[in-house]
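There are structures below to look over.
Next, two complexes with chain A in common: one pairs it with chain B, the other with chain C.
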Partner chain A sequence: MGVISTSREGSTPDAAARPMMPRVPLVKTAVFGAVVLLLILLVVQPFGWVLYNSFHDDLSGAWTLGNYARTFQSADLVEPLVNSLILAVATAVIAIGIGVPLAWLVSRTDMPFRRTIRVLTLTAFVTPSFIGATGWILLAAPNSGWLNALWRLVAGADAGPLLNIYSMAGAIFICGIYTVPYSFTMVSSALDEMAVELEDAAATLGSGTLRTMLSITIPLVTPAVIASFILSFIQGLTLFGVPAFLLTPTGIPVVTTKLAEFYQQFPPEIFMAAAYCMPLLLVTAMLFWMRRRILGRKQYVTISGKTRAGRQIHLGGARWPMFFAALLMPLFSVLLPYAALLLVSLTRAWGQGLSWENLSLYWYWWALFGNSETLTAIVNSLLFSTLGATLCIALGTVVAYIVERRMMPGARLLGAVATVPIIIPGIVLSVGFFAAYTRAPLNLYGTPMLLIAAFAATFLPIAYAHGGAILKGIGPDLERAARSLGAGEGRTFLSITVPLMGGGLVSGWFLVFIPIIRELSVAVFLITPKTNVMTTLIYNAKDGGNYEAVCAMSVLLLLMTLLLVAVARPLAQLTGARRTSRKAAEAAGVVPA
Partner chain B sequence: MMEFSRRRLLKTTGLVGTALLSGGLAGAAFSRIAAASVADDPLYAAAKKEGKLTLYWGSYEQQTMEEIRDAFKAKYPGIDVNLLRQASQTVYTRLRMELQNGVYECDSLGTTNLLHYTELKKVGALASFEPADAVNLPDAFRNLDPDMMYHVGAISLTSINYAPRKVSAPPTSWQALLEDQWHGKITTGSPASSGDVANWVVAIRRKYGDDFLRAFGKQKPKVGQSNVDTVTDILSGERVVGSGAPFSYTLTQKAAGNPIDVVAPSDDAILNLGVTGVLAKAPHPNAARLFTNFLYSKEVSQILQKNFWPTLRKDVAWAEGRSLDQLKWYRNTGDDLGPEVAEGIAKWKELVR
Partner chain C sequence: MSGIRIKNLRKSFGSYTALHGIDLQVPNGTLLALLGPSGCGKSTTLQLLAGFEAPTEGEIWADDVLLSSSRGVLPPEKRGISLVFQNYAVWPHKTVAENVAFGLAIRRLPKAEIAERLDRALRTVRLEALRDRYPSELSGGQQQRVALARALAVEPRILLLDEPLSNLDAHLREEMRFEIRQVHDLLGITTVYVTHDQSEALVTADRIAVMKSGHLQQLSSPEEIFERPSNAFVAKFIGANNELIGTSEGQGAIRVGDRVLTAPDRSGAERGGGVSLCVRPSQVRLGESGRDADPGIPCNVLPGTILRSAYLGEYRDVLVDVGGERTLRAFVPPSQCYGPGTAVTVHLPIEACQILDPAA
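On to the complex of A and B.
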């Protein structure tokens, strides 16, 4: 701000004559400067501390390479790395394998109840995966799981379990279905924005629906597919709750559960934990490098000044079968586990089983009014998520724009910086934020700003990746037109690019908002009694074994988030830039009506 | 001048007010000697001046801890209490990072691991303080530290729990858990995640050596994280017997109407002490001392009794008339348990899973 106002005061008469267009380089410098500064404060500094820590010895505090040597030499530490990679690849394959077709069905076809499927998939997104895992433990634990009990009714009491959630397959299943919403949201928003002329061309040339989808539609959204593949992969690497609940009982260690051990033992090995994350960084960097190889020379521009999206593909007789197939995903990720959680939350003492005497709303009463913490935590969760998501999406979009349009030297480096946080598991990141924000220049410790900054930084990669995927689809023609008519870069961005990104930005906001509201690990060392959030409360209740409370609070968290999404989405669409800008563009003759 | 006279005026009014008040309350005061002693307590006066107290506590679950906090606030109005209740190791790691970064937020630390306090004492991070009411503690747990840097904050027992509807004759000793009939039926926590389970592993190795762990591993127990998971597994029906199980928490769940019960093993329940200390650089040192002393009050022991925790006073019995004398117990003692715990965890990983 300061820079801008000084520049105004000292502006040339020429600039003063055009008050609407301040001198471009100064504004540009100011904006870029602010972006770089924010990235340094939010990402470089905390990550720098993680890196710095990784080269230090936990006991003596001296410089060492010992942590890295241990990471690659000890079989105890290599095994979890391998397991984590298996889990991550499988998670990403499931997320893409289910998420992409589902997105296509919902965005581009006339499948019945598309909105319902969309909302239910979003509901899965709202669910913290450790809560999903809890629900599935109730359903598919080998001896007590309700689905297994049903199976024994059919197959006989001595039959072995049909499902065993305590297994690698179980963990992959849970990680997969709770990661589908990532790929679903990213790909469906790309599909929503996509032009149809190429599809039309294919249809004209006699290509069938399936062939058009496979050879035209899906390849056109490759950037979104790859971005969501990488995100899902990273999810599989960094999730803690699911492996902690499902893999610990079978003795399969993964990186995040091993990290938790570093923190839980005495004395804690915080610096060792920092070093132990670095292989994840390496693997993910390789993925991004592969992405560049794949996307590098191709063009994915589908939004230009010439066409508009919105054609539906008729599924014909496959409509209903497709609907039932699409319903499986919400069935597994939402309906079944929440049914289990709901039943437990409605019992006074869940070990008593289901009976009329045991039925009670007590735990809901308790969660809302019986203790002083929940209401504060609900308010905090909503407030931090809203502010964090807004900051995150604003910064992520601008960075994506700078990178995609190569607007400054070293732009790609900015992109790399914006991608780093998500690869570092939350608990390690938490220590980085702690170190960065308990000292000058940004001493935020104990304030809500600390959590907001940490949340925004943690999910910046999602905002950035999402913004990048949308921008890849928006042709620079309209921007060039604006530029050649004399608009500055800032103005072009605000009045052309942002409106064109419109709907995508809204979905991007939710893509960040929801993970923030359900985030647990990052908050661990940052919350204070006054800035407690819902997930830490739920985890505390789980830690204390209070299952009914866990379930009741989980259901409340879900309802609360859904309510907010229900209110915010139409609101965002009503006031959102997209429609108005399109109308304005139509009126101005830029976009054909 | 003006300020001087105003101050004098205030002072005079204060004096007159106090005189009137004490005169008026004199009659009531006789019947409320306890209340009067709280008001006269110089520690309370100093704590009230500080006006705030920040607790980093991992001992006791959320609900009990909140009740203790609320009772403290009721007894000592004017002190705002901030309670950070997370797992013991989490609050300790947080405190450690704060100290390393020169942040002084925490007044009183309460965790389930004695090692935290020996480390803090070594670096001079604890303040010495002798809580007057600690004389009420059971004799075995008094003067935990000769220098009065840390004190007992909680007593917890590790035992065996089971599903009474499915098990008519539960195992009554640790050794009995190795019988064939419990193969595939046992649930337990992990020593790598739970301090109580680690403590149990150390004790069981002292008693029976690694042979016990080897045979225990052959029983194919389900290893969760916290020892609380044993209760969850028994209530859900996934397993029927829990080893290294929390005594108090199981009784709480039983009282809530859940079909679960607890056995104090004949070859000793394993006792672990929760410890508490006042930080040397506590921003509210007097409030922290007041709180430490409050832990040994009747109020707190009654709260503990209600929540099925062993009480911190000889004169307040445990819930259902239980007491420490009625059961056989064992506590890991020794100056440096650290390496023994690490060794126990390593052996566990080798032999149990």
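On to the complex of A and C.
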């Protein structure tokens, strides 16, 4: 074997034989270098700029702590902070309060139409929350809202409005129902994967169904519940579109809208804005620290190797009442708002009321052919989301691999860097990208690259966490086997690890793609007319008050996304039906037995 | 094929030392079993041999090629060493044939040769009929054979087996033992076989290395290990064993309680030092108390009381209390039936006893 080093024992007793690798691992070094460079470009640099800017004065450019002082001293800056916290806590409470029971009903009971509820809930996940807010403006604006109009028919013309979406309660409602899909998905998959034996063991010890649920099932999904609480909290804290649509008109400021104000006022106070988002980062960082404290040493192994489906709990007479209760969620988040959007999008002029003469496909024609902007935005949305999701999932997976297999010193630091964006509100990241890449040497302003990079950076934590979760399930022996047969590290990764991640990578790609295509706040300061995407186009059109166009474009965006998801789901399931049955995977160490 | 030489191999993980300087020689073409309880360092040794870990100190040579030292490690893929894993590590996304042919494809061999070597490897482990199956459609034993074929197809210089049978059921395990030995006889590849099962080691190995807490205890042939264990730990680990702990009364004598017993002495102890008397249960003979049941060979004789007796068909497994909180196990003919509490005389044939360094 010529490749093995040829040092002979004894020939040079002192000059030690060095069994080093026969060649410098160029590819490996290059890949690691690229990963580190990408993380610096996508996370460290934009975030570094935000941090750096926060200590500078907007007018003089000198170093200062004044921005921070102002954040906590000026009353009109403290109020948005308080409002944001209220919104975040309330959003998280709603997301858990609805999402967890809903997940349990769908995963564990014999409630009718469980699949339908699941699909509709996922449809809410695909919906950008600011579009949901638009739908609800149509439904529940104090004067013109259809539900209020209906109310006046019942209660009399001089009755006050039943609902007012332009309020803190309205914003909480919208943020809450569009965050439920997060908690629902996380908790229901935890329930789906939980070993039935754990519940059966309690049953054999004489524990009743309810007792088992309370003392075994619910505690076992605690990590998923806590994780979704934090994620929902962050959503409530960082959403921009909903408060901009619902709270700004009534003069209730939150942090994200205040940040936008700093940018859009004249002169802009960019450095002030940088300091002003720091309290948000602090709060989210603290939540993650608390989660670590709470979960601590408890090792929850909820995945077992068994395929048996969980036992269904029979609801008996409560089946239908439960179904109607569960239906409220899709009713509020999907059916009602989309009905409103669809109806408005099909009228030539909404103000003229519903009549056959007024019905028209004009705005769809207008959106697709009547102006060049929408078509450009559709193409951009698809292109940027595809490229952004691909970059994001590729980088996230490679980082997860390096961390999971401890392939280089300081690997954990890479993982930490890849996780940082989760605590940065999109609007702040947007600001960071703006600061970092609108100057030499990397002036990307106006290029698609800027948006693709910002999208990839925003959702890198999801890709990284997802990649890590899949890799944890793939026993390192499967890779070592390839190494011992002569495959190098790169070859092993590509021909063993990646195919084994297979379907997981596809679903991970969609997990990133969907939030990107509906993302607004990251894009809002980075777009130019040429790089406009659907969400920013809709947002700006709404600002212009053209509701018919807004609705038509919203329906198009939703159809587009749903179509892609519908195509993708079978694709993800197709990969490896025969070959990765649970049994083999278990034997091979793909999942812990 | 190559012989293996391991020189003063040390491996530390932080403050924990897994291997305390191991020296091992595996002559070309032999099958060495690395035997020991969990945590003895046998798996660490295997990981070092395979090149997945770097030694803290010491060297590993394959013939005259330095594979590992504290200064550098030849990566696993360059070693020509195949490894069969405890959990098989058969890739679930590849068919049997694809699994086995993987290493051949890596070597960029001509198609015809790949096909030929694939067939030969599958034939060796009798898997020709299952070549297009996915691992999910195979039993545990079949997956194990895929792993073996995959390791053999590349014609490695050295084959490493990491507890290859521990995930199989008892019946299959017995069958696969002989199969592994048969394959070794056929191909003659230098093999290191890690196991904690002594009977696996005895059946398959030419040489057995017994390890404990990172130290090599003994390296000998299976017969030598069983008949002349170098200390009480080895005696206890290979086969059933009785150990009476006492102190040395000079060469060839041991004081146990208030008695002095004699036996061939292979301990290194001075008079008064701690030693153990080891004797296999199959060598212990029992006679009824009072009656002369002299077996006709020189014996150490102790009085005892039966504690329990279990009938195992071919023999009885009897536990005898010999006083001073000490017990002895004896395998006696089924015809010798004693109830608990029966007083007996215990005969320990001197030539079957050994005075050794104690286990602990």
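Everything that follows uses one rule, which is that the second predicted complex is superposed on the first by the 419 of 593 C-alpha atoms of A that agree within 3 Å, B and C clash if a C-alpha of one lies under 4 Å from a C-alpha of the other, contacts with A are read in each partner's own complex, and residues count from 1 in each chain.
Throughout what follows, contacts are C-beta pairs under 8 Å (C-beta built on N, C-alpha and C of every residue); 3 or more make two chains touch, one makes a residue touch a chain.
Keep in mind that what you see is a predicted model, and the values were worked out from it rather than measured.
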Is A:481 touching anything from chain B or chain C once the two structures are fitted on A? First, second, both or neither.
second
Quick one: classify A:170 as touching chain B (first), chain C (second), both or neither.
neither
So, does A:500 touch the first partner chain B, the second partner chain C, both, or neither?
second
First, second, both or neither for A:491, with chain B first and chain C second:
second
Look at A:461 in the shared chain and tell me whether it touches chain B only, chain C only, both, or neither; answer first, second, both or neither.
neither
Flag every residue of chain A that touches chain C in the complex, lowest number first.
1, 3-9, 16-22, 475, 477-478, 480-488, 491, 495-496, 499-500, 502, 576, 578-581, 583-585, 587-590
Taking the touch rule as given, give the residues of chain C at its contact with chain A in the complex, in rising order.
50-52, 61, 64-69, 71-83, 85-94, 102-103, 106-107, 134-138, 140, 143, 147, 150-151, 154, 157, 160, 167
So in the complex, which bits of chain B are touching chain A?
54, 61-63, 66, 82-87, 89-90, 92-94, 96-98, 101, 103, 105, 113, 115-116, 119, 190, 192-193, 222-226, 228-229, 231-239, 249, 253, 256-260, 338, 341-342, 345, 349, 353
Counting only contacts in the complex, chain A reaches chain B at residues 76, 137-138, 141-144, 166, 244-245, 248-249, 251, 260-261, 263-268, 270, 348-352, 358, 371-373, 431, 434-435, 438-439, 445-446, 524-525, 527-530, 536, 540-541, 543-547
